[in-house]
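Working notes for the structure below.
Chain IDs A, B, C and D follow the sequence of writing; residue 1 opens each chain.
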Amino acid sequence: MDHTYRLVISCPDRVGIVARVSQFVAEQGGWLTEANYHADAESNWFFMRNEIRAESLKVSAQACRAAFAPIAEEYGMHWALVDSAVKRKVVILASHASHCIADILHRWHSGELDCDIPCVISNHENLRSMVEWHGIPFEYVAIDPQNKAPAHAKIMALAQEYQADCVVLARYMQIIQPEFCQAYAGRMINIHHSFLPSFIGANPYQKAFDRGVKLIGATSHYVTERLDEGPIIEQDVIRVSHRHSKDDLVRLGKDVEKSVLARALRNHLEDRVLVHGNKTVVFD
Amino acid sequence: MDHTYRLVISCPDRVGIVARVSQFVAEQGGWLTEANYHADAESNWFFMRNEIRAESLKVSAQACRAAFAPIAEEYGMHWALVDSAVKRKVVILASHASHCIADILHRWHSGELDCDIPCVISNHENLRSMVEWHGIPFEYVAIDPQNKAPAHAKIMALAQEYQADCVVLARYMQIIQPEFCQAYAGRMINIHHSFLPSFIGANPYQKAFDRGVKLIGATSHYVTERLDEGPIIEQDVIRVSHRHSKDDLVRLGKDVEKSVLARALRNHLEDRVLVHGNKTVVFD
Amino acid sequence: MDHTYRLVISCPDRVGIVARVSQFVAEQGGWLTEANYHADAESNWFFMRNEIRAESLKVSAQACRAAFAPIAEEYGMHWALVDSAVKRKVVILASHASHCIADILHRWHSGELDCDIPCVISNHENLRSMVEWHGIPFEYVAIDPQNKAPAHAKIMALAQEYQADCVVLARYMQIIQPEFCQAYAGRMINIHHSFLPSFIGANPYQKAFDRGVKLIGATSHYVTERLDEGPIIEQDVIRVSHRHSKDDLVRLGKDVEKSVLARALRNHLEDRVLVHGNKTVVFD
Amino acid sequence: MDHTYRLVISCPDRVGIVARVSQFVAEQGGWLTEANYHADAESNWFFMRNEIRAESLKVSAQACRAAFAPIAEEYGMHWALVDSAVKRKVVILASHASHCIADILHRWHSGELDCDIPCVISNHENLRSMVEWHGIPFEYVAIDPQNKAPAHAKIMALAQEYQADCVVLARYMQIIQPEFCQAYAGRMINIHHSFLPSFIGANPYQKAFDRGVKLIGATSHYVTERLDEGPIIEQDVIRVSHRHSKDDLVRLGKDVEKSVLARALRNHLEDRVLVHGNKTVVFD
C-alpha cells in the first residue's frame, strides 16, 4: 500500500471550504490521489476526505497539522491528518464462533488489512490455537454468568493495555459496558447477524425463519450504549427460500456476516467512515 | 405459453405421497414438464407442484379432478388442478403512484403476464388515460376521508362484479377492510415499500433515511388483516449511500417495488406460491 | 430537480488542480452541492465534476465560462460548464421490442428523467401508438434489407433535424453507420443484451443458454465504430438456472436491459460519465 | 448433518419416470426429505435427485441398489445411490495464493463441508504451515518449468494414492494433463477468476481492467481438456468502478472466487450437480 496522508474533515457547510482546504494542500505540495466530498443538505454539514501522496508533501505530518490548525478553527472543523504508515492496533473480541475472526485473521495475514492485531480476547478457549498460529497473543477471560462485571472490566483493561485504537466485536455476543462504549466511541465495530433494524436483539436467524423472509442479512455498525442502534457502516443480504432451515440460515448468514464486517473494518482503517449523529458517510 | 395442468398439493407429510400422486399422474398419461416437492421438517407438512402437458392427459381436467378426489381425501390434501388455459382475472387497485401499475400493464400488454385485467380501480383520476390506452376499464371511486366505509364497500363490490380471481394492490396506500381481506385470502397481493419487517407502517423511506441503512428494499406479500404482516412472497433490496436523499430513496425504491411485485404476481399466476401458516413455499 | 451548474473537467494530473478549480468556484460565490474527483494513476489523468447551486453564482453561466477559459487552457483541460436547466434533447431509436422504450418513456413521463424527447425513430410501426400517447412524434423509417444506406442516412438526418443532443439505441438492432457514430461520439448510448465482453454480436441469449452460464447480464455503452466495443457505462446481471429456457433468459434479460439502460442514460444526462480512451469514469 | 441416501438419476425423458422411481422409493419405506426433478425440453432428458432418510429404508443401501438396477436398466438411466455417511475424499491442488484454500479449510474445520481432505498438493511451500495446522498432510511437488511432465505425473499419482474422489483446483494455475482430466471427469473442480466466457485464459483481472467492465466475476466449473470451457457449476460477480486499480480487482475478486468455489464444492459434495453435455443441472 502506498504511503499517504489522509486529511479527513467534517464541519458546517458554507461556500469556499473545498477551495480553502485544497489551496492549503496545494501549498504544502500535496498531490491528491483521491478526494471525496459530501454536503448533507438536511443537516447542512460538510464532509471531506483527501488522500495525499506522502512523498509529495514538503513538510512533516506534524508541521502540516500545525499549519492546518488555524484553518480548522476558522471553519469549526472536526478533523484529522492520518499517516497511513502508522498502523492502527485492532483488538478483536470473540466468543465461540470462528467464521468472522478466521476471515479477519486470514485477510490480515495475507496483507489485505493494513493494521496490527496486538491480541484477541475471548471468553472461550476454542479459538486459541488458531489465533496463536497467526502469532497473535490470545487472552482468555472467563465470564461468570452470575457476576459479569469483573470480567467485563478486565476485558476493557486488556484492550487499553494493548493500546487498542480500534475494537472489533467478531460475533462477541456479550453486552458491552457503557464506559467501554464511550471510551471507544466511533472506534468499536460490531457485526450484527441481521439486516438491521429487522430482528433487533437475540436470535435473529430464528426470527427471520419464523417470519419467512426471502433475504437474510448482516449489519456492521459502531457500538453505542443502545444495543444494535449505533451508526451503520455496512450491510448486505443473501437470498434464502423455503428450502432453508433455521440452521441453513445460520450457515448462509455466516458468509454475509464475515464479508460485511471485513468491508466495514477495511473502510474504518482507511479513514473512509465519518460518523455524523447516528449515521455514517462512507467514502468507498 | 404451453398449455399445461398444474396439480398443486399440500398435506401432512408421510411416506409414499410422491409415489401415490405420480402414479396417478402416470395413469392419466400425464407427462411432467416440471415437478417440485418440499417437506417442511418443522411443521411436518408436505408441498408439491406438478406441471403436466395438457395434451398428454387422456381425460378432461374435470374427469381428472374427479379421479383424484379420493386420493386427496385419503391424504388430507389441500389441492387444486389448475388449467393454464383459463386466464385468471386480476383486478388492480391503484392510488396516485404510477410506477407499479405501468410496469404491470406493460408486462401484460407485451404478453409476459398470463392473465386478464378486467379493470383498474383507483381513488385518483390521474392514471385513467394510461389504463384506458391499454384497453382496460378504469373505475374511479372517490374516498371521503371523513367517511371511508362507503368507498371501501364499493371497491370491494366492483372487484367482485368484475369477478376478480386475484387483487393486486399496486401501491394502493389504503387500509383494506377485514371482509375484503378474508374474501381474497391468499389471492390479494400487496407491495410494501420496505424490506419487511423493517420499517413497518407509513413512510418507510423516511424511516430508512433517518436510520441510515445502506440497503433499501421492497416486500410483496399476501394481505391479511394485520397490516404488513401477511405471508411474504418476494423481497429484494438495492444499495444506497449517504449521497442519497430521502427523495433518491423513493426514486430508487420504485425500481425494486415494481420488480418485486411483478415477480410475486407472476409466481402467483403460475400457482408457484403455496401459503402455509404465515409463510410461503415458492417453487420458482 | 434543483437548478445547478455542473463543471466537468478532465486533464493531465498534477499538483494543485483541485485548489485552482475550487478557488475559482469560490470566487464566483459557488456553493458546491456535490464534488467528485478521480486521479487515474495508470494514465496520469485527472477527472472532476463539481455541482454548484445555480443561485449561488454571482455571474451568468456565460460569464462564468469566459472567466474559466484561461484556467482551462493553462491546465490543458477538456471541460464543460453545463446548465441543468437546459434540457437535453434525447432522440430514441427503437426497433420492434418495447421493454426498453416503455421503461424510458415512463420514467420520462413521471419526471424521473430530466430531458426532452423530441422524437422516436423506428423501422417498425408497432410502437407508434405507445409513443404518441406520450405526446412524442413517432418517425417511421422503413429499412430495405437489400439497400439499407438510404434509410440509415434518413435516420441520421432525422436525429439532426430534431437537434438531438443524445441518441439512445433502445434495442435498435441495426448497425450504426460510422459517420453517425462519429457525429455522436460520447453521446450515443446502446444497450447490449449480454454481459460484455461475453457473447459479443448476435443472439447473446442463445449463446448464454448454450454455454450454460449461471448469470446473464446487460451492458450499456457508448457506441463506437467497433460493434459492442465502446466504453462501458453500466452493467448488471441476474441469476438464472437450468430451469430457464432460452425464452426465459430473453424474458429475464429484459428487466436487466431496461434498468441498465435507464441508469446509464440518467448518469449521462447528469454529466456523471466521463469518457477516457475506451473506459469511463462514472461519478454516481 | 442427517444421514440420508441420495438417489440421483438422469435418463431420456418419458411418461412415468417419477411414478416408477417414487413407487420404488415408497416400497423400500423411503421417506423423502427433498426431491427435485427437471425435464430438459431441448435435449428431452430427465434429471432427478431424491434425498431419503436413511433410517426409513427397510433394507441396506447395497440391497436397495440391487433392487433398483432393473428399473435403471429399463429406463436407460445414469444413476447412483449415494450414502451421505460415506465421506468423500477431496484432494486440493494449490499454488501460491491462499484465499481459496484458507476458505475451504476453515469451512471444513468448522464442520460446514461434509468431506475428508486427505492431503493438499502444491508446487509452492508457502501454504504448508497453514495446511498442517489443520492436521492435513501437505505434499510439495516442485514443477520444473523446462520439464513439467514428471511433476504433473507425480501429482496425478499422489491424488490417486490418497484415493481422491474429487479434486479441487484452488487457484492452482497449472494446466492439467488430459489423462488427469479424464480420470476425474465430473469430479475435478476449478475456480476461474473471471465471469466466463469473458476473459478466458491468463490475466483475466488485467483484461477486465483494460476493458473497463463495471462488474468482475468468478466461475467454478468441472475441468475438461479444453481450458476454461468445462461445464459451469456456479458463477457470481461483484461491482467495481473506475476507482479500482487492477490490484483492487484482484483483491475484490478473491472474495468472489472463494465463495463461488465453496458453493460449487458444497453442491458437488451433496450430489446436487448433474452434468449433461457441457452444461449442469444444479438442484440447490
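In this section, contacts are C-beta pairs under 8 Å (C-beta built on N, C-alpha and C of every residue); 3 or more make two chains touch, one makes a residue touch a chain.
Because the structure is predicted, anything quoted here is derived from the model rather than measured.
More C-beta pairs in contact connect the chains of C-D than those of the other pair, out of A-D and C-D. The pair C-D is the one among B-C, B-D or C-D whose contacts match those of A-B for more than half of the residue pairs. One simple way to say how far apart two chains are is to compare their mean CA positions; for chain A and chain D this gives 36 Å. Taking the mean of the C-alpha atoms as each chain's centre, chain C and chain D sit 41 Å apart. Multi-chain contact residues of chain A (touching two or more other chains): 34, 38, 41, 243.
Of all residues in chain B, those touching chain D in their complex are 15-16, 18-20, 22-23, 25-26, 29-39, 41, 56. Across the complex, chain A is touched by residues 38, 40-42, 47, 195-199, 211-215, 217, 231-237, 241-243, 245, 278-282 of chain B.
Across the interface of their complex, chain C is touched by residues 34, 98-99, 102-103, 106, 109-110, 112, 129-130, 133, 243, 251, 255, 259 of chain B.
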